[in-house]
Each structure stands twice: as structure tokens, then as C-alpha cells.
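Got a structure here, written out as C-alpha cells. Questions coming.
Chain IDs A, B and C follow the sequence of writing; residue 1 opens each chain.
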Amino acid sequence: MSEKIKYFLERLSWVDIMVWLFGLAILVIAVIGVIGSIHNAYYTKEQWMDFVVFGISQGGVYALIALGYTLVYGILFMINFAHGDIFMAGAFTGYFLAAKLNQYGIYNSHPIISLLLIMLLAMVTSVVVALITERVAYRPLRKAPRLVPLITAIGASFTIEYTFRGLYGSGVEAYPDMKIFVGKTSVFGLRILKVHLLVIILSILLMAGLYAYVQYTKAGKAMRAVAEDKDVASLMGVDVDRVIVNTFILGAALAGIAGVLYALIFKQVHFFMGFIPGIKAFTAAVVGGIGNVPGAMLGGFILGIFEALGPGLILEGLGIPASYQLKDVIAFTLLVLVLIFRPTGLMGERLSEEKV
Amino acid sequence: MDSQNTFWKSAVKNGLLAGAIGLYSTLVGLVQAFNKRAVIEQLSLGHITLLLSWGVVAYVFLNHHRESESKGKLIAAGALVGGLGAFLVALLPMTAQWVDYHFVFVHAGPEMYSLLTFGKGPWLGSAMLVAVGALWGILIALVVSLPTFWRDSVVKAFLITITVGLLSDLFTGMTIGWMFQPFLGVEGLNILGAVLVFGLSIAYDYWSAHRKPKESAEAVATEPTGVTKSQLRRMVVGALALVVVAGLPLLLGSYLSHVLNMVGLYTIMGLGLNIVVGYAGLLDLGYVAFFALGAYTMGLLTSTGPLGIAHWTFWEAVPFSILVAMVAGILLGVPVLRMRGDYLAIVTLGFGEIIRILALSNWLKPLIGGAQGILLIPKPPLFGFKIQTPIHFYYLILVGIGIAAFVAYRLRESRLGRAWMAMREDEDVAEAMGIDLVVTKLTAFAFGASFSGLAGAIFASYVGSIFPHSFNLLISINVLSLIIVGGVGSMPGVFVGSLALVGLPELLREFAEYRMLIYGLSLIAMMLLKPEGFWPEPIRKRELREEVGD
Amino acid sequence: MEPILIAKGVTKRFGGLVAVNNLDFTIERGSIASVIGPNGAGKTTFFNCITGFYTPEEGKIIFDGREIQGLTPDRVTRMGIARTYQNIRLFSNMTALENIMVGRHPLMRHQWWDAILHTRRYKREEQEALEAARRLLNFVGLQGLGDQLARNLPYGAQRRLEIARALASEPKLLLLDEPTAGMNPQETSEMIRFIRHLRDELGLSILLIEHDMKVVMTISEKIAVMDFGKKIAEGKPEEIQRNPRVIEAYLGRGAASGIGKATATA
């Protein structure tokens, strides 16, 4: 018997114990918080539903950005640290068109066309920024050790942020309200903000489109082939460079649209706006399983809802004042927990099994 | 014929690139902001920025074709690249009367246009700008077609002259500044000074190129005896350096000493992060967290304000600041032990943000002051004397650097240091060599964090009050940039990096707004062009030497 | 005397794939043994199970009388197993000497405080390590190259440096993963002589993975043949050479896998 215990103890790492205790502690705190919140009933059922809807709509934005991380990661095995700033570039540039259109009254007389134009401009800007970044900062270093492109990506992130600060200024600008999207509407008996509805519908449509593109078009198949094995794909006549550029274009276009949607929900744009959503979207990509397209979508919604509910549901029950200040802490904690306990993410396993 | 066409096509392409870079630096506002600083007489840093945007492109392009094309063609191509580059920039003032650039670009406006057109109106001024660009291109072509030695020497002398011109404030600020007066203008160098610096630089190059063979012969000759000439020389240089370092603040005065103090604090942090990133290869982006913890511990333990809990002195609190940072380093290290490099970077970034958000939150406000921070942190006493002015702090920080450098150096030359580096090179193999990865990673985090905690503690006492916003992500990026610019894993590189990336921006106030832009660009540029940094760690030769340690 | 290493029913799976299947193998003290087999037969996976890089799902690995399966690689190394890699994995930005000194890590005891204070223990151990590293450098014939960065060394020197690094931990069992890969015939025969020399001079037990039949047949005292994760034969070189299953696995599968590859790329 003691032999067996010794055998077991020899193979037990105290790191595992610490990590599990850490996870357990967070779980216990969360449960206490939830019980506290439910017991005290701070919010009505309608308010909870509002939180959820808000969570889904911001989750849709996270998911769109997360797709950019996941696509690039799937192909280059590299975290495009500057992706959040590519998102900012689109949103910030779109603002000027929105303001101009508003000035001439087109913004409210032809809202759909305006929105499409703004999104187009945002997409183009994001794509251009992404392409320059790829060409200058990533492509020459594709064969370098892993940390090197990560460092240039960090450099690129700050370069983009402060370039736009220099170009557009350091002020906070506000997208004008679009009259048809002001106020609430009823869906399945649920009162929700029109803007949220718009964002949810658009993000789901885009994700479906992207999924179809990756799954069924020739370009999408080439992309998946490169993700599987670059060398084999190039032997089979796939232009790897071209596919990588396509991937960046796709990711950046989604980020550009996500930027406009984000601006519609939160109104404000400024040069540093990409940083936090960028990390959140990365978290979403990791939660879903980085490199996995449906995973990024799922991860985005999960993170969005988690973040919307977390402060009210967990933190307030613990008696923490102004709990919304700590919503980023919740997202980061989720990131750490996922990376510790399930580094492949929720849907990552399927991917790795396919590879074997 | 075909190769001719490609040459000119390529020249046009490079001209467009030069123009794009010129437009970029103009619209981002660099040209305008830097225009406030004269370098040589009337020539401002703004002008130089513009000239460099075209010049670098022209130089690289022409240099590439140096062997294959005739001098006349190089000159024509230089004029084309420079002129086209300038033309693209000149488009801004020319079209400004029809297009409202200012609606989008904050820096576009009459001030910028007049700067670009020398105040001569859109048409005449633009023509002048294009002419300047073309002439500049021709000048570069002429330099490129010089023999290699002279080409390199001229380029170097040009860069040195600009640098000296930029830093000429440094001379006037010094207590012996009057000695340099004859060479300085109102701001920057005067013509005489510029010519002198330029000439000296070339003369030095010439001298050192013609003397080299003799010196290397001498070095070989003095190798085997006891105290050799080179050793003696090293000792003398060391002693001189010590005297200079000790006397520096007296020479520089209060403001420059403050600049040096910031450099020093970043050096301490850099030495710590160098252990984590440079030796152990763990990319930590949340390094500011430990700086904050060190500072807050110092603040809470010593503050005489309402938040102070112990009213200790600096000296009693310092060990605790270091200890708290160290323990935090270990605690935050445990969850990331098993994570791969890139995940680790983002998670540590998250940790850094969490610490800042918590420091700002209303939740912890009763304890640590929220956004209002901790005030009334006393200065360190020393035998009845108070360490108060920047000059006093200079010596305190110097001691801190000394300790940090000593510890870092000795650790590097040990079993633990080798384990760190082995882990950086290849984690799996390091483990297969019998290295316990858990212990090795955690000690790296612990030492890195403790250095940062020390810097934070000194910082808190130095500035007297601390606020959460002093501890944002940008500090982590600063420290990371400086060790990369200096040379990852290199201790001398840390000094060089912090002088260049912390000292320079402090001196050149105009840089302040563009500091992060320049950091970002330098991170990319370093990785592309000089990944080993400006001062990589020298290889330690030991196979045939007897000594172990000192 | 009991064998240095006994593997009993070792099984390692990846998803649905069984990389090592119920493998039994024994290495006698002071002997040179080899594992051979076609590509993807599970040889390197078996190596990784011994060194602790993988934990086998089933079976036992007994080294020097102790069960080692599931222990972390660093502990396995500290018990006296050292290895080299098929595709050389040196610490490329460290000097040759430093590489060997890292190999000596398990024999050193000094802690960080010893290093900071330069205690007597630190000085003694560092001196010993430096001397040992120089000795090993000479032993593998790399004298004069000690201060070169590992990545700047020529290929053959890198192979030998890797062996020197492995020897620095003074192992009882040395695992060599294709030590002659990429070598010309002359270098190969030098390596054969060197491996024999290691055993005779240092009294090591050695386990080889090898592709080159000639090498295996020349130096091994015992050979195990693997195919699809299973051991299909074991014995002295002469026995293996005559074994029909081995010939089939090598020739038959070689042809078959060639066809398989052709269809995969088409």
C-alpha cells in the first residue's frame, strides 16, 4: 500500500495542486457571489434579459474580431497582436464619413446606404492597414523564432495606435445617432434596443458568410490546406503567400465591420479603442479554441454574455461596489482559467484530432 | 534595353515610396512637431525628418544599383526619387484650397502648408520644395558614388552631426556649458559647430582606419605576461568611468540629473526584465505590475497621509517592497508555468491590466486611494540627512543599479543562469538535461519582479505620490523596447537601451507625443534589421582561461 | 546482475493511433542495444517514453531497479539517463562549453544565493564543471572549439557536442537517436568507433535508434525491430538478419509505403 502512495506522490506535481486550488478558489468565490446576488435580487428579470441581449451583441463584435485572430493563427501560428488596432483603424476612419454624411443629411435620409458606405470605408481602411503590417512587419520574419514576430506584432500595434493618434488626433469622437436605430423594438415579446438587434443580425450573417467561404469556396479550401500543412499545400500548387494575404484581408475586413458595429453600440471612437476589445477578442478565440472558426464565434458570444452578466451576477453578490469597473478582470480571469484548464479551448479538440 | 526600363520603373516606384513616407511623417505631425527644434542654425528637426524620409529610400535604392549603373544615371535617378518624393508631399499644400484635409487630419492646416512651402504660397513654395527634394536626391547620388570608405564616413558624419545638434541643449545645460558656446546657435549647432563636428567625425574615421593594423599587432604581443598593458588600460578606463559616473550629476545640474534618474529607474527594471525575457526567454508584458506593487507597498508602509498604515522609513519598507513584488512574481508565475510563449505574453499583459484596474477601482479605494492614489510619501533619511533632490536620488538609484547589476551578473554565471538560457533556447531539451522547469521559471519571475519592485519603491519615494495611471501598460512596453534595442540578454545593452529610449525622449520634449510611435517603429525595425540589438552580450571565452568568477 | 533497463508492456496512444504497442525490451548493463524499424514505427516515441517526455498509458519502465514511467524528464535525467536527438537540438546561442556545462546541471547543487555570494560550494562546483566540460570537449575531439557558439559549429561537430552534453550528466544509460544521420561513410565509421569507445572507456549502457543497417549490425549486441508500434523481432544481429518477418517489414512495407505516399500526394 505504502508503495502505491509513494508511486503516486512521486508523480504528483505541486504545480498541479496549486493550479487546481487556484481554480477551485475562483469557483468557490464565483458560487458565493452568484448565491449572494440571487439572494439579494438586485435586478429584475427584465434587467437580466437586457444584460443578456447586450452581452450577445457585444459578443457578436468580439466574435467578428476573434475570427481575425483565429484565421491568422490557424495559418501562421502567430498571434496578430495588432489585430485590435486594425479594428480601431476601420472604426475611427468610418467616423469621418459618418460625420460628413450626417452633415449633408444623407446619414438619416438614406441610413442603409450610409451604413453600407461607412462599413465599406472601414473595411478598406482596415484591410490596407493589415496588408501594410503583414508586408512590413510579418512577412520578412516568417521563418524567425516564434517570439520575434510576436515582438514585431507588439511594435506594429503601438505603431498603428500612435499613427492614428497623429493622423486623427487624440480626442474621443462620437458616431452620430442613426434615427431609425434609436429606441427599442419587440422581438418574440422581448424589448431590445434596435442597435443591438442590428448588430446581432449583422454579425450572425457575416459569420455564416465567412463559414461558407472557408468551407465551400476554392479560396477557403486553399486556406484550410495551408493551415493543415504549408509545405504540402505549396507542393500541390497552392500559392502560400497569396493565401496568407487573403487571410489577412478576410480577418481585417471583418474587423473593419466589427469596428463600425462597435461604434454603433458604444458610440465612441478613439485611437486606443482597439486595445481592450482586441484582448477580449483574443480571449474569445482562445475560449473557443484558437485556430478554429466556429470556436471563435462561440467564444465571442460566451465571452460577451459572461462579461455582461459577470459583474452583476458574481461581483455584486460579494459586496463589491461599482462592480462594472471590474468587468475586464472577469474577462482576463476567464482567459487564464481557459488557458490553464483547457488550453485547446472548447472546440479545439476536434481540430487536433483531425490533424492526427 | 529591358534592364533600363526596370531601372527607371524601379526609380519611379522608389520615388512614390519616398513620397508616401514623406506624406506619412507630415500627416502624422512629426514634421510639424519637430520643426520646433533647430538642429543646425535654421535647419530644424522637422526639415531633417522630411529629408530623411526621402533620403533613406533614395540611399537604399541608389546604393543597390551603385555597381551596375553609371554615375550620371545615378544622379538622374536620385533627382527623380527625391523630386517625386517631394512632389507627393507638395500635393498637400497645392490642393489644400479645394480639399479640407483638416476635417480628417488634425495636423493639416495653414501652419503645415506654410512650413512645407517655406511661406512662399502654394505654387512657388511647392516648386521650391520639389527642387529641394531633387537637389537632395542628387546630393545622395553623389555620396553613394563616392568610394566605399568615404561614402560610409560621410553618412556617419552626417548622422553624428545631426545627433550632436539635437543634443546641443545638453551642453548648454551643463555647468561647464560656456565652453561650448562658440559652436552653438540660439538652439542647436551653428554653422561653425556643424562643420567642426562633421570634419572631426571624418578625421576620426580616417585616423582609425589607418592605424588599425598596428594596434592588433600590439594586442597579440602583450597577451601572456602577468598584468598586461590591455588589463592595465582596462583598469584605468574603469577608474575613469567610475569618477565620471560619480561626478556626473554635479556636472549636469538638477534637471539633467532628473533625466538620468528616470534612465536609472528604467535601467533597474530593464535589468530585471532582461532576466525574464533575455535570459529565460519568457515574454512578460505585465512587468509594470511589479513596479506598481513595489511602489504601492512603499507608499502604504511609509506614507504620512491618511492611507499610511505603518509610517515606516524608506529603509524599513524597501525589503518589503521587494518581497511583495517577488511573491507576486511567483504567484502570478504559477498559473502561466505551462503556457507557451505567446499565450504567456497575453496573460501577463492581462495581469498587468488587472493590477491597474484594481488599483483604480472603488472597491479598493478605502485601502489604496483609487484614482486619487497615495500622497505624502516621505523621502529616505540617511544618518540625519534627507535624500531629497534629484542629485541625491541619483546616488541612491546608482546604488540600486549596482546591486541589480551585481545580482544579475552573478546569477548569469551560475547553474541557474545557464538553466535560464538553456530554457530560452529549447524548453524540452532543457528539461531533458535535468533542469527543473518549474523552479527555473519561477526564480526568473521572482528575480525579475523583485528588481521591478525595487525600482517601484525608489520611484514612490522619489516622486512622493503615486497614482494608478502612472502604472499603465506603456511602462511594460517601454522596458521591453529598451532591452530589445540594447540587445536581448545583454546587460550593457540595458544601459544603452535605457539611455536611448528613456533619456532621449526626456531631453527632446518634442518627442513626447510621438514616443510610443517611435518605440513601436523601433521594435519592428530592430527585429527586421538588427535582432541582436545595438550592444549584444559579448561571448565569454573560457575554454583556455583559468579563472572561474572573480 | 539485473539489467539496467526493463520495459514491460509499454503502450502509448495518440488519439486512436497506437504509437507503441505492448512493447517489452531489456537492456543489459554495459551493452549496446538498438531499436530499428521503418519510419513511423514508434522508435522515437519509445525513446520519449523512457525519458519521461511522454507518459505511457500502460506498462512499466524499470530503470536501475526503480519504476520511472510518468516521471518528468528532468527527474529521469537526474536518475542517470541521458539522450541525444535525431535532428540535433543544441542550445544554439550558447557556446559549446556552456552547452556541456548545462549538461552537468544535475550534478551541481549550488543555489542562487551561493552564486550571488560566491560561496565555496559555488566556486568548487563551477571549477569542477568547467574542468569536466573541457575534458569532455577533448574527449569528443572538439578541443579549440569550446568558445564557438553551438550554431556556428559544423554538422559533425554538433553531433559530437550533443553527445558530450549528454555525457556531462555522467549517465548510466545513454540514448542515441540516429547518431549517424546525415553523415558520410567515413564520418559514420568514426562515429561507430566513438560509440564503442564510449562503452569501453566509460562503461555506459547504450541504446541506439538507427536507420543505417550497417551501423546497427556492426555495433549492437542486441537488436529489437519495431513495426507499427509493435516489436516484431528481437535478438543478436545475425538472428535479425535472417529473420523473415524483418525482411518483409523492411522490403514489403518499404514498397507499400512508397505507393501510399504517391496516392497521398496525387
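Here is the rule we go by: contacts are C-beta pairs under 8 Å (C-beta built on N, C-alpha and C of every residue); 3 or more make two chains touch, one makes a residue touch a chain.
Everything numeric in this text was worked out from a predicted model, so none of it was measured.
K.L.:
I'd like the most central chain, judged by C-alpha centroids against the all-protein C-alpha centroid.
P.N.:
The chain sitting closest to the overall C-alpha centre is B.
K.L.:
Taking contacts as defined above, which has more of them, B-C or A-B?
P.N.:
Top pair by contacting C-beta pairs is A-B.
K.L.:
Taking the mean of the C-alpha atoms as each chain's centre, how many Å separate chain B from chain C?
P.N.:
45
K.L.:
Where the centres are mean C-alpha positions, what is the separation of chain A from chain B, in Å?
P.N.:
Distance between chain centres, rounded to whole Å: 32 Å.
K.L.:
Got the chain C residues that touch at least 2 other chains?
P.N.:
Those would be 72.
K.L.:
Two or more other chains touching the same residue: where does that happen in chain A?
P.N.:
In chain A, residues 13 touch at least two other chains, as defined above.
K.L.:
Which bits of chain A are touching chain B when the two form their complex?
P.N.:
13, 15, 18-19, 22, 78-79, 96, 100, 136-137, 140-141, 144, 146-152, 154-163, 165-169, 275, 279, 282, 286, 320-323, 325-326, 328-329, 332-333, 335-336, 339-340, 343
K.L.:
Under the stated contact criterion, what part of chain C meets chain B in this complex?
P.N.:
Contacts found on chain C: 51, 53, 72-74, 77-78, 83, 85, 89-95, 97-98, 101-103, 105-106, 108, 110-112, 114-116, 118, 122-123, 125-127, 129-130, 134, 137, 144, 146-147, 149, 165, 169.
K.L.:
For the complex, give me every residue of chain B touching chain A.
P.N.:
Interface residues on chain B, with respect to chain A: 24, 27-30, 103-107, 281, 283, 285, 334-339, 341-343, 345-347, 349-351, 353-354, 357-358, 360-363, 438, 473, 477, 480-481, 484, 513-514, 516-517, 519-524, 527-528, 531.
K.L.:
Taking the complex as given, what residues does chain A use to touch chain C?
P.N.:
Where chain A meets chain C, its residues are 7, 10-11, 13, 232, 235-236, 353, 356.
K.L.:
Any idea which chain C residues touch chain A in the complex?
P.N.:
Contacts found on chain C: 14-17, 67, 70-72, 265.
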